[in-house]
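Heads up, there are several structures right after this.
Each of the next two complexes has subunit A plus one other chain: subunit B in the first, subunit C in the second.
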Partner chain A sequence: MSFLTSALLSSSKATMQWIEERTGVVAFAKPLLFHHVPRNAKWWYVFGSATLMFFTIQLVTGVCLATVYAPSAAQAWESLNYIDKEVPMGWMLRALHGWSSNAMVVMMAIHMLQVFLHASYKYPRELNWITGVFLLLTTLALAFTGQVMRWDQDAYWGLGIGAAIADRIPLVGDQVRALLLGGPIIGGETLNRFFALHVFILPGAALGLVGLHMMLIIKNGISEMPKPGAIVVPSTYREGFEERMKTEGVPFVPEAVQRDMVFCGVCLIALVALAAFYGPFGPGGMPDPTLINTNPRPDYPFMWLFGAVSLLPPASETAIMLIAPGVGVLVLIAVPFLSNSGERAPSKRPAMVLVALVTVMAIAALTWEGMTSPWSPVMDGWSALPTPAKFTHGRTPLEMQGAVVFQFAQCRNCHSLDGLGGKRGPELDDVASRLSYDQLVRQVQQGGGNMPAYGKNLDSAQTAAVVAFLATLHPSNEPDAKIPGAQLPPPPGSANAH
Partner chain B sequence: MSEQEKQQEKGSCGCGGCGCEQKAKAAATAGVTPAPRRGFMLKLGVGLLGIGGAITALPIVGYLIGPATKRYSNLWVELGELSIFPHGATRFATFLNPIRQPTDGDSAKTACWVRCIDATHFQVFAINCAHLGCPVRWFEQSKLFMCPCHGGVYYQDGTRAAGPPPRGLFEYVWKIEGGKLLIDAGRLPGLEEST
Partner chain C sequence: MKRAVMFCSMVLCASGCDRPSASPAVQHVALAGELSTQSAFDTNCRGCHSQGAEGAALPLVNANYWKVATDATIIQAISHGQGRSMPAYLASEGGPFTAEQITSLVHGMRTLWGDGQPGGGGGISPVLTAGSASAGALVFSTACASCHAGQGTAGSVVDPMYLRMISDQGLWSAVVYGRSELGMPAWNQAMPGRPTGLSAQEVCDVVSWISSQRVSNEKVTK
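Let's look at the complex of A and B:
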């Protein structure tokens, strides 16, 4: 027995030596696996590994999906439904690809935030950061082109929005749009262009960038945990770092990799649970541009951009939409050049902590705005929402008629009553305590303040009725507004004070 | 005499009779490799590879930017008999895009809004909002077009009523031929077009 074991061992050793002599793979891999990393890094550095894991999931599930998906505008949508409903585990593969894509973006954002807060981008890791920025851009491009692969109504109209933005580029807008769409309209060539980007060009770019990013990690080492007073001095940093790694560092395998493995394992289980429980994303409505009862929405990673674009003042939005993304990328690239030495500890860089905090809060707030999109009219508000009963009690026939006009003239698409209806215009539950009868007439007929003028579209009887109804909308303990002065609060001690 | 020395005596090209002989001898006595010849090969390599690369890249670039260089105009499509567009009404109409590819599927279909002012006057509006291109919907009761994305609103003549659009709805050029309404179609209406 022991003879067999030792024979096996010696022959496998000989095989290894044979391979090693011809490839040098062990000599190549040794520093990758056993390079020393800071002892105190602990759980802070697991997010990059998790991002890489999700990218690997994307590659594997993506190749699998490509074996069935038909990259043709005529068949893409049907082939996705076929994958979802007919192909064994097809729905699960699509769910994994979709959820892992979101997870990759989130994990990358957390990784970036950690690197920013710890100022790990300072000397000598400036290029680690910059390759990271390009990886972020590539990942977002993959997410956008992936949304196009779904080839449903959101994909179609999302492309329409991209085309409309391209159109606003001065002088060459037309050409840029044609390049983007592969022709003057969204069609077969559009999908195939984005398919080539999504499965060949962008993954290739991402793989190259990942390789570069890893190479830089090996070359420069993993940064230590920031400590107040541990100042980065470019002229002496590398020497000191290498010395500290030799004496205080621990080998990547197994000291650091075990935490990566635990975290990635938890991430994988969460991913499979999410995919199995919530299933794949779409495809939504079929991509027939003549089906216009649609409400196009971007995927999660772009919700904040959707929110930002929607909240821009119309006068400056073209300039901002065309210039801001470039400025944003330049600022990200500039980060390590603005400061590549000195303190790394967040407690010594309060301004940068504030920048990170404000950025995260702005993206979260804009994402929330994008998801609730109060600027979008409720397109079926006029026909689908009930008139709250409390606004019909004790009303005269004229006022009741006004409530009907209010519904049928689509007022409800932008104005809510009792919380139901559009949020684009102001809520009208107590409009009569803000506007007098005459002001209501004027507002209905002439519009203004982002409201269309209804003067040409309602006859005088309809206007009279709808204003009569609106004039009843105020809390019973508040008087109706009479003249502009009535908008002021009642004087203290008066009968109406409350 | 070593092999190398023999070679040098013959001339570095090995021919023994060409013009390079003298130069090579001079180089050999100076103890360096004949530089001019190596420089020539490098230049030739750069030149040939450059030319080869350029003529290979030409069709690739042309193939990719082709769509941006094509021009379309006067592609008239029928929207239907005049009788399906009642006077004073705005109706939904669809057509198959004249610039289409075999793989377009449903995306070759295009929608538009047709407003019939009277028997000889029409307005044909693009379905796309002038803000960011979402499909606008017509509301007969309030005589307004509304966009579901950011709340752009237009009056029945296509002029901007409210919301973020920088201008009114885009319009197609139309004509009446043989009792039918035709439009010049073929592209997503864009901002640079004038109504």
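Let's look at the complex of A and C:
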């Protein structure tokens, strides 16, 4: 028995040596596993590993999905439904891929924030930061192209917006759009183009960048926890760091990797829970441009951009949409060059802490705006939100008909009553104390102030009815709005008659 | 420990395996599949025909309505629209539902709010029949005028703009079903001056008289 064991051991050892001699794989892997990391790093440094874990999950689930997904404009949507409903646990696969994608972006953002706050990008880790920036861009590109893979209404309109932005580029806009879409409009080739990006080009780029990022980590080591007064001096830093790692550092395996594994485990449980509880993302409605009764949204990583772009003053759109992303990327790349030495402790870099704080708050606020998008009409407001009881009691037959017209003409999609309805236009609970009867007629018929004219959609009876209804909308203790000298007698029978 | 892991994974499997997509059903999905009556009502009808005192159009939570109206007339109204302010809901006319879904929606609503009867009862024909305007004038003055005459508290029903908005059948529905939550009785309930309500013929007479008050010749026919 012991003979057998030792024979096996020695033969496996010989095999290892044979391989090692020809590949150097052990010599390569050793520093990956046992390089020394700062003893005090603790839980601060787990976010990068978790990002890598989510990326690995994306690769595995992505390959599995690619075995069933049909990357053709005619079948993509059907094939997603097939995966969701027919393929055993297919829905779970899609849910994992979708949630892991969001989790990867979030974890990457946290990782980046931690690196920024601890100024880990300072000498000699400038290129760690820059490869990280490119990884962020690649990940966002993967997220966007992944949204296109769903080939639903969100994908369709998201592409439309992307193409419209590309179209605004001076001189070459047409060509860039054609390159993106594979033609002048979104068509059959568009999906194939994005499929190639999503499953070949971008993952390949991401793998390469991850390799580069890891190589730099091994080369430069993991930065220590910042301490006020521990100043980075490029000329002496490396020597001091390597000395300290030798004496005070601990090997990555098993000291630091334990924490990474615990954190990754928690993340994994959370991911499976989210996927099981909330299920896959979409596919939403069919990508049919004739279905306009839709409220397309980008995926979470782009919600803040959706919010920002929607809130831009129209005149500044082209300039900001084309210049801001480039400037943003340049600023991110420039971070380690703006200051690559000196203090790393957040307490000594209050301005940078403020920058991080403002950035996080701005993205959070814009994400919230994007999710609630008060500038978008509530598309089913007219058919789902009833006229509140307080606005139907004591109304004349004409005013009641007006309340019906108010719903029928979909006024409710942009205007709220009693807090329910669109927020695009003003709330109309007390409109009659702001606008006189004549002003209401004019506003309904001619529109203005971002409201379309309804003169051609409503005939005189419908206009009379809806205005009769609107004219009742004011608090009982406030009088009707009056324009001196401009008041015509309202039609007989309306409650507005004086 | 092993058992705990086994148990947990079994629970996970049992709770997750046949969970469908959690995304909200959108229009075309509704088109393809079965509808829940309440949710279809909530997104498509409730804006006008809401429950209780809300809503501007005829509330559908009205036992009287389900007694009188037949499935055929309701399906017709939902499919092709009705009057000036009710759009068509049939897919082939630009709406969100298939014919089967409309039928199932009507059956579902009848189950929810009706009294189990198929409609066509309630002591009155579900469609407007011929009436006499001169007889109707008398009915109006005794049964309706105390609220609806001139600038009466409930507002005029002979307002020319109102009469352009509403069809004769719409007038008939208003009289027959009433809006009890707003203080207007149904046709067979007590009215000021008419403790026993109206007869079926009187309903048609009074509709005929109101209709005769239209000022132009563009009578609403639909």
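The rule is simple: the second predicted complex is superposed on the first by the 404 of 498 C-alpha atoms of A that agree within 3 Å, B and C clash if a C-alpha of one lies under 4 Å from a C-alpha of the other, contacts with A are read in each partner's own complex, and residues count from 1 in each chain.
Following the convention adopted for this analysis, a contact is a pair of C-beta atoms (placed from the backbone, for glycine too) under 8 Å apart; a residue touches a chain by one contact, two chains touch by 3 or more.
All figures in this text were calculated on a predicted structure; none of them were measured in a lab.
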**Message:** A:174 in the overlay: touching subunit B, subunit C, both, or neither? Say first, second, both or neither.
**Reply:** first
- Message: According to the stated criteria, A:452 is in contact with first (subunit B), second (subunit C), both, or neither; which is it?
- Response: first
Check your understanding: Thinking of the overlay built on chain A, is A:426 touched by subunit B (first), by subunit C (second), by both, or by neither?
Key -> neither
Check your understanding: Looking at the overlay, does A:399 come into contact with subunit B only (first), subunit C only (second), both, or neither?
Key -> second
Can A:208 be said to touch subunit B (first), subunit C (second), both, or neither? neither
(Q) For A:387 in the superposed arrangement: first (subunit B), second (subunit C), both or neither? (A) second
Report task. Report for A:346: first if it touches subunit B alone, second if subunit C alone, otherwise both or neither. Result -> neither
_Quick one: is A:414 in contact with subunit B, with subunit C, with both, or with neither? Answer first, second, both or neither._
first
So the subunit A residues that subunit B and subunit C both touch are 286, 288, 293-294, 382, 408
Residue positions on subunit C within touch of subunit A in the complex are 12, 15-17, 19-23, 26-29, 42-48, 50-57, 84-87, 148, 151, 153-162, 164-166, 174, 182
Residue set of subunit B touching subunit A in the complex reads 64-65, 67-70, 72, 92, 94, 97, 99-111, 127-128, 131-137, 139, 141-144, 146-151, 153, 155-156, 161-166, 186-188, 190-192
Touching subunit C in the complex, subunit A uses residues 84-85, 89, 91-92, 153, 272, 276-286, 288, 291, 293-294, 380-389, 392-401, 403-408, 412, 460-462, 464-465, 468, 491-495, 497
Subunit A residues touching subunit B in their complex are 72-75, 156-157, 160-161, 163-165, 167-168, 173-179, 181-192, 286-290, 292-296, 309-310, 314, 317-318, 375-377, 379, 382, 408-410, 413-414, 422, 424, 447, 450-454, 456-458
